[in-house]
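Provided herewith is a single structure, encoded as C-alpha cells, for subsequent inquiry.
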Amino acid sequence: MALIDYLVQGGQMLLVLMLAPLLTGWVRWVKARLLRRRGPSPLQPYRDLVKLSRKEVVLADSASWLFRVAPYLIFAALWVAASLVPTFAGGLPFSWTADLIAIVALLGTARFFLALAGLDVGTSFGGIGSSREMMIASLAEPAMLMMVFTLSLLAGTTELSAVARFMLTADVGLRVSLALALLALVIVAIAENARIPVDNPATHLELTMVHEAMVLEYSGRHLALIELSSSLKLVLYLSLVACIFAPWGMASAGAGSAAYGYAAVIYVAKLALGGVLLALFESSIAKMRVFRVDQFLGAALMLGLLGALLLFVSRSL
Amino acid sequence: MHSLEFDIAHFLAGGMVVLSFLLLYQDRVYALLNVFALHSLVLALAVGWQAYIQEAHHLYVTAGIALVFKAIVIPMALRRIVRRLGIHRTLEVVGGVGRDMLAGAALVALAIMVMLPVTVGADALAREDLAFALAVLLLGLLLMVNRHNAISLVIGFMSLENGLVLAAAGARGMPLAVEISVAFSVLIALIVIGVFLFRIRERFDSVDMQAMDSFRESRLK
Amino acid sequence: MLLTLLLVLLLVLLAAGGYGTVAPARPQGSRYLYSVSLAVCTVLLLLALAHLLSGREPLHLSLPLGLPWLGLHLRLDALSAFFLVVVNLGGAVASLFGLGYGAHEREPERVLPFYPAFLAGMNLVLLADDAFAFLFAWEFMSISSWALVMAHHREPANLRAGYLYLVMACFGTLALLLAFGLLAGVDGGYGFAAMRASQTPPALAALVLVLALLGAGSKAGLVPLHVWLPLAHPAAPSHVSALMSGVMTKVAVYGFIRIVFDLLGGESAVWWWGGLVLAAGGVTAVLGVLYALMQHDLKRLLAYHTVENIGIIFIGLGLALAFQANLMYFNAALALTAALFHVLNHSLFKSLLFLGAGAVLTATGERDMERLGGLIHRMPHTALAFLIGSAAISALPPLNGFVSEWMTFQAILNSPELPQWLLKFLVPAVGALLALSAALAAACFVKAFGITFLGRPRSPAAADAGETDRFSLSAMFVLAGLCLLAGVLPGLVVDGLGPVVGLLNGGARLTDQYHQPWLTLVPVGPLKSSYNGLLVMLFMAVSGVAAALLIHRFASSAVRRGPAWDCGFPDASPATQYTAGSFAQPIRRVFGSLVFQARERVTMPPPGDLRPARLEVELHDPVWERAYAPIAAAVIAVSTRANVLQYLTIRRYLSLVFGALVVLLLGMALWR
Amino acid sequence: MSALGGLAMAVLLLVPAGAGLLLVGLADYRRGARLNVGAALASFVAALLLIGARPEANLYLRVDDFNIYLIVLNNLVSFTTSVFSASYIAHELETGKLTPAYLRFYHATYQALLFAMNLALLANNIGLLWVAIELATLITVLMVGLYRTPAALEAAWKYFILGSLGIALALFGTILVYLAAQPVMGQGLPAMAWDRLQAHAGQFDPALLNLAFVFLLLGYGTKAGLAPLHAWLPDAHAEGPTPISAVLSGLLLNVALYAVLRFKMLMSANPAALAPGPLMVGLGLLSLLFAGLMLYRRGDIKRLFAYSSIEHMGIITFAFGMGGPLANFAGLLHMTMHSLTKSAIFFAVGHISQVKGTQRISTIRGLTASHPLLGWGLIAGVIAIAGMPPFGVFMSEFLVVSSTFARQPLLALPLVLGLLLAFGTLLWRVHGLAFGVPDNAPAAPVQASVWPMLTHLGLVLLAGIWLPGPLVAWFHHVAVLLG
C-alpha cells in the first residue's frame, strides 16, 4: 500500500473532523436565512468549541468517572466511524477494518455511552433524554440495518468502498429498493441527528428535548467534545448518503493528487448541498410529539424491510 | 348318547339362572335368603349330578359342602344377623326391579353369546354349564351392584360364587384342590364378613352401606 | 486415555458433591469445595481446549454401566470439546466467584452438595455417546440445578419457580426421549454411532427435528417454552444463576446441535426445517428482549436476556440448516460459526453479568433496580466489569457480542441464493427481528446499568453498599478480559471453531483466519466483508486518548464540583430520578401495547387534594395467558371433576368393575 | 444342589407360616417384633440361596427365571419393612393408637402375609396361585382394618368386597384356562401346572384362552389396582399401618401383576390367541392418566402415594401390553424399581406422619429444613419414582417411552402426556411438603430407623447406574417368554 494512500486516509480523517463544525454552522446559517434572520456566521461553532474547551468543567456532585470518560469515548467512536466512510476517495487503506454494519454498531456504541452519561448524574432530564434516545434508536437502528441489507444485497458486499464503486457502475439501474433504502436512510439520519421533526436542537424547554436533555449536565471541554461529536455524526450521515447514493466525482484509489483535490471539492459541494436540503426540510416542517416518532421511524423500518424483501425475492427472478 | 344326562344337567343349571333372576326380583330380606338357600340347593344338585355323570367322586364332597354350608348354614347365620342387627326387612332397589330384570336378560344373552362359540371344542355339557355359570356370575354381580343393602351384597356375592362352583364342577377332572379352596374361601369370607358386620354394628346403627358412605364422605370432603 | 482422565475428573466433582453434604459444618469447607471445583474445571477446560486445537480424531470409551446390553459410551469430538471449553470456563469462573460469594450463603448445605454435581452433570451430557447416557446426564443436570434453584426455598416465589422448572425440564426430557426413540428405531439402537449410521425416513426425521426443538428448546428457553427460565435462573444463588444462564442453556444448544446436525445429519435436512428454527429464533430474540425491558428485577432482566440470546443462536442454527438443506455448505459454515461463536460469547458475558448482579445482591441485598442506583461510586470495580458485560451483550464494537451478531448478519446477507420462496420472505424478516432485538438490547442494558449503577442511590441499602471481595472481582475481570479478547481477536476464535464446524457440516468450514493481515476477520471474502476488532479498538483508543491529551494539554483541565442543575426546584430527592419503569415507558408504549396489551392508568387527584397521583401499569404475558394458564386451568378442572371418583359408594365402585367386565365381554362377543 | 434349593424353598414357606403361628401366642410385643424381623431375615437368606440352587419343579412349586427375582425382592422388602415396622409400631403403641393385643395380631398376620406371597410366587399351579392370592387378600384386609377407626374399617370393607370380587373373577378365569388345557393335556393336576401349560399352550383353544384372559386380567387386575378397578387401593393404603402400605404397594401389587403376566405368557405362547396387548395397553393408559389427574387433588399424603402406585401399575401394564424385548424388559425392571422405591417412600411417609402427627399434606411444610434426612429422603424417593436419574426407574421409563414411540407413536403420546401430568401433579403436592418455611409445631423425636429407606434408595440408585448380569439375563429370558 502506497504512502499516498495512508496520507489520503489521514487526510480524510482530518477533513471530516475539520469540516464537522462548519457543516453544523452552515446548516444553522441557512436555516436562519430561510427564517429571514441574519443568523450567526457559519464559523460560529468553531468559536464555540474553542471557548468551551477553555472553560473549566463543572461536574455535578453525583457524577461518576463514567460521566467524565464518556465524551472521549463518544468522540472516539464517532470519529472512527466517520473516518471509515469514504468521503472524496474510495479504496481507503483501512476501509476493510469495519464495514457498514460495523459503522452502524460504532454509532450504537457512541449512543450507548451518551445515554449512560445522561443517566449518570441522577436528574430527571438526563433520564428523559436517555430513555427517549434509546426508544428512537431501537427503531432507527434496525431501519438503518435494513437499509444496509438492501445495499449489500445489491452490491454483494458490506464494504462501503466497494458499495460506492458498485453504485458507480451501470449494473445498478433504477431500482425501487434503492429508493426505499434512500428514504429509510434519510429518515434515520434525521432521527439520529436530533433534527426536526424528531427532536429540536434549538429548543430551550427541557421536556421537549431528547439529545439536549441528555447532555444537559455537560459543560466546558466535555460539552465541546459532545458538540463536536454531534457535528461529526451529521457529517457522517451526509457523507454516507453522498457516498452511497451520489458517489459521482469520488476518486478511486491511487488516482493522483489532482484527482484527489478535485474530488475533495466535489465532496464539500455535496455536503453544502446536503446542508441546504436539510435546512429546507427542517424549516418547512413542525416537530412531532414524542409518541408519533415511533410511527415515523416504524415507517422507515418498514421501508427498509420492504426494500430488502424486494431484493430477496427478485434475486432469483 | 347322554341325552338324559345332558337334559338333567341342563335343567339344573338353567334352574340356577332362573333362581338368580328370582334373587334379583326379591325386595324382602328373608325372601332373599330363602331364594338363596334354594339357589344353593340347586347348585348342590347340579354338582352332585355332575359327580354322577363324570364319575368324579370328589365332586360329591363339593356338592355336600354346597348343601350344608350354602343352603343351610349361611342362610341361617344371615337370618340371625338380620335379626340381631335389626336390619330393615325391605330392600331398596336402585332403579326398580323391572329394569334389573331387563338388564339380567341382556346379561344372560351376553353370557351365552360369549360362551357358546368359544367352547366349540369342549363337549356340550361343559358348554351349557359354562354358559349358565357365567350367567349366574353376571346376575350375582348385578345383584351386588343394584342394592343398597349389605346383606344383599353378601348374597349377591355368594350367588356369584355359586356360579363359580357350577363352572368348576362342569370342568371335567378339575382337581379337588380347587373345590376345597372354594369352600375354604367361602368359609373365610363368611367369617370375615361376620366380623365386619359385628364391628360395624358396634359403631353404626345399621349395616346399610349408604350410611357408611355418607359418614366417610363427610369426613373426607 | 484422555477420556478416562476426564471421567476421573468428573468423579472427583461428584465426590466433592458428597463432601458438600458435610462441608457446611467445617470452617473452610465451602472454600475447599469451590477450590476443588475451580481446579477440576480448569483442568477440564485446558484438556478440552488442547483436544479441540490439536484437531485429533474423536476419542471413544465404553464402560459396562447404564443399559446392560448397551453400556455407557463416551466420546470426545470437536463439538463436545468446544462445549466442554464453554462449560468449564463458566464453571471455573463461577467457582472462583463462589470462593468469595459462598461465604454469604445463608444455607450452604443446600448449595454445596449440588453445585459440583451440577457441573459434573453438564460435563457428562457433552461426553455422552448414547441416548441413555445423554438423557441420564441431561436429567441429572436438571435435577441438580433444580435443587440449587430451591436453595432459597423459604421464599414462596422460588417454590413456584422450582416447580415450574422441574415440570418443564421433565417435558423437555420426554420430548428428547421421544426423539431418541425415533432415532433408535424399533430395535433400540441407542448408541449414537448406530443412530448416525442409520437412515431416518424423512417424515420421521422431521418429527425428530420438532421434538429436538421442543426438548432442547425448553431447556434453552425458546419462546414459548421459556416461561420457567426467568423465574428459575434468578432464584438460584448468583454464581449458579450464571452457570444456568450462561452455561446450561448452552448445553441445551449442544443437545439440539448434536441431534439435528450430527445424529440426523445435515444432509437429510429439508429446507423448511431451517425456516422453522429460524422463525422460532427470531420470535424468541425479540420477545425475549421485550420481556427483559419490562423487568425491574435485575436478575430476572438478565434471565430474559438469555432468552433473547438463545434466539440469536437459533437464528444462526436455522440459517445453517436452511443452507445445508440446499447443499450450500460454505454459507452453512458461516452461519454455524456465527451461532457457535455466539454460544461462546453469551456464556462469557451472561456469566459476567450474573456475577455482577450477584455482587450487587450481596452488597445491597436488593435485586429490584428501583431500589438501587449510584453503585458506581461504591463498587467501582464491579461497575466497570458490569459495564463491559453490558456493552458486550449490547453488541457494541469492539467487544465480542458484536462479532457474532455481525457474522449472523453476514450469513443472512448470503441467503438470497436460497431457492425456496418462503425462506426468501422469512430470512429478511428474521434479519429485521435480529436488528430490532439488537437495538432493544442496547436500550435494555442502558437501563440495567444506568439505573443500577448510575444516578443517586434510591435506598439506604444502595447508599451503604461496599465493594465486593477479591475472588468475585477477579472472576468478573477474567470474564471481562475474555469478552474483550474474543472481540478484538475474533479470527482466532473462528479458527478454533473450524473443526467443530467441519464436523457438523460435511467437512466444509470457513477458511483459516490467522494469516489475514492485522488479524482481520474475513469470513467470506475480502471483497464481501471484513471486520477488524483489533484495529477498531486501537483507533478508538488512540483517538480518545489523543483527544484527551490534546485538550488537557492545550485547553483546560480544570474541574469544579457543584450541585446538579435543579431546574429551579432545589433539593431534588433521589426519587425524582428516572426509574427503571420510567426509562422503559417509551418503549413500553411503542411495543408493549402490541405485545403485552400494556395499559397505563393515571389517577390524578383533583386540585387541592394532597394525595399523590398514581400511575398503574398493567402488563399481560401473552405466552403465559394464552398457552400455560389454559392448560393449568384445564388440568385443574378435569381433576376436580375426576375427583368425584374418590368419594363414590362401594356399590358404585362395584358397578365400575361390573361395567368393565361387561364392556370387555361385549368386546369379545362382537370382535369375532 | 437341588437339595439345598428344596430346603430353601421349604424355609421360604415354613418359616413365615411357623413364625406366624408362634407370634399369635407371643405376648411381649418387643420379642414379637424381633421374631418378626428374624423370620423375615431367614426367609430373605433362603431366597438368596435360591439364586444359586434352584430346586426341581414339581406339580405344585417351582423356581424359574421369572419368579426368582420377585422372590428375592419380596423377601428383601419384607425384611426391610419388618425392620422399619419394629420401630414404627412401637411408636404407635406409645401414642396409644394400638394395644399390645393388636400388635400381636399384627405381627402374626405380617408373617402370614409373607407366607401367602411366597406361596403365590413359588406356585407352579394356577389353582395354588389363586389360593395364595386369595389368602394374601384376606390377610391384608385384616391388616388394613387394624386401627379399628371407622375410616380404617371402611377401607378394609371396601378392600374386602372389591378384592373378593376380583378373586371370584380370577377363579372363573382359572377354570377357563383349565378347560382350555384339559382337552390337550388330559384331566388332573398337570393341566394346572405352569411349566406344562407353558409347553402345551400352543395347542389350546384360542377362543377359550381369550375369554379366560379377560377374566384373569380383570380379576388379578383388581388386585393390582388398575383403573377402573382401583377403588380399594387408595383407602387401603391410607388407613392401614404404614408398613402395610409399603408391603401393599411394594409387594402385593407385584404379586397380582405377576399372576397376570404368567397368563400372558400362555397367551403369547399360543399364536392363534388374541394378543393381550391392547387390553393391557388400554387399562395401563387409563390407570396412568386417571391417577395423574387424581394426584392433583389429594390432601392425604399416603393416599397421594397410593395413587402414584396406581400410576406405576399403569405404566408397567402398559409396558407389558406393548410387548417386545425392550418394553418387557422395561416392565420387569419397573416392577422391581417401583416396589423398592415406593416402599422407601412409604417408610419416609410413615416417619413423617409420626413426626408431624398428621397425614394431611397442607399441614406439613418445609420438611427439608426441619427434618433434613426425612425431607431429602422423600425428595429422593419422589425423584426416583418420577423416573429421573440417577435412579433405576429412569432406565425403565426410558425404555418404555422410546421403544413405544418407535413402534406406535400414537400410543406414546398419551403415555407421555400421562407421565408429565402425573409428575406435575405429584410434584405440586410434594414441593410444598418438602420446601418452604417449616411450621413451628414441636417436632416429636424420631425413633424409627431410617436404614430401610436408605437401603432401598441405595439399591435403586445402584440399579440406575449398573444392573447385575444375572438379573439382566433373567429379565431377557422372561421378556422373550412374555412375547
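Order of writing sets the chain letters: A, B, C and D. Residues in each chain are counted from 1.
Note that in this section a residue touches a chain if its C-beta (ideal position, glycine included) is under 8 Å from a C-beta of that chain, and two chains touch if they have at least 3 such contacts.
Keep in mind the model is a prediction, meaning the values are calculated, not measured.
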{"item": "Chain pair with the higher count of C-beta pairs in contact (B-C, B-D)", "value": "B-D"}
{"item": "Chain whose mean Cα position lies farthest from subunit D", "value": "A"}
{"item": "Distance from subunit B to subunit A - Cα centre to Cα centre, in angstrom", "value": "98"}
{"item": "Length of the line joining the C-alpha centres of subunit B and subunit D, rounded to whole Å", "value": "31"}
{"item": "Between subunit A and subunit D, centroid-to-centroid distance (C-alpha), Å", "value": "77"}
{"item": "Distance between chain centroids, defined by C-alpha means - subunit B, subunit C (Å)", "value": "68"}
{"item": "Multi-chain contact residues (two or more partners), subunit B", "value": "114, 117, 141, 144, 153, 216"}
{"item": "Touching two or more other chains - residue numbers and ranges from subunit D", "value": "157, 161, 165, 207, 210-211"}
{"item": "Junction residues of subunit A - those touching two or more other chains", "value": "none"}
{"item": "Pairs of chains in contact (touch as defined earlier), listed by label", "value": "A-C, B-C, B-D, C-D"}
{"item": "Subunit C residues within the subunit A interface of the complex", "value": "373-374, 376-377, 380, 383, 387, 391, 394-397, 402, 406, 409-410, 412-413, 415-417, 419, 421, 424-425, 427-429, 431-432, 435-436, 438-440, 442-443, 445-447, 449-451, 454-456, 520, 522, 526-532, 535-536, 539-541, 543-545, 547-548, 551, 555-567, 572, 574, 576-578, 582-587, 589-590"}
{"item": "Contact footprint of subunit C on subunit B as seen in their complex", "value": "94, 107, 110-111, 113-114, 117, 138, 141-142, 144-148, 153, 209-210, 213, 216-217, 220-221"}
{"item": "Subunit B contact footprint on subunit D (complex, rising order)", "value": "125, 127-128, 130-131, 134, 138, 141-142, 145, 148, 150-151, 153-154, 156-157, 160-161, 164-165, 167-168, 171-172, 174-176, 178-179, 182-183, 186-189, 191-192, 205, 207-208, 210-211"}
{"item": "Subunit D-facing residues of subunit C, complex", "value": "64-69, 109-110, 131-132, 135-137, 139-140, 142-143, 150, 153-154, 156, 159, 162-163, 166-167, 170-171, 174, 177-178, 180-182, 184-186, 188, 190, 207, 635-636, 638-640, 642-643, 645-646, 648, 650, 653-654, 656-657, 659-661, 664-665, 668, 671-672"}
{"item": "Residues of subunit A that touch subunit C when the two form their complex", "value": "53-66, 72-73, 75-77, 79-80, 83, 94, 96-99, 101-102, 105-106, 108-109, 111-112, 115-116, 118-128, 130-132, 134-135, 137-142, 145-146, 149, 152-153, 156-159, 162, 206, 216-217, 220-221, 224-225, 290-291, 294, 301, 304-305, 308-309, 311-313, 315-316"}
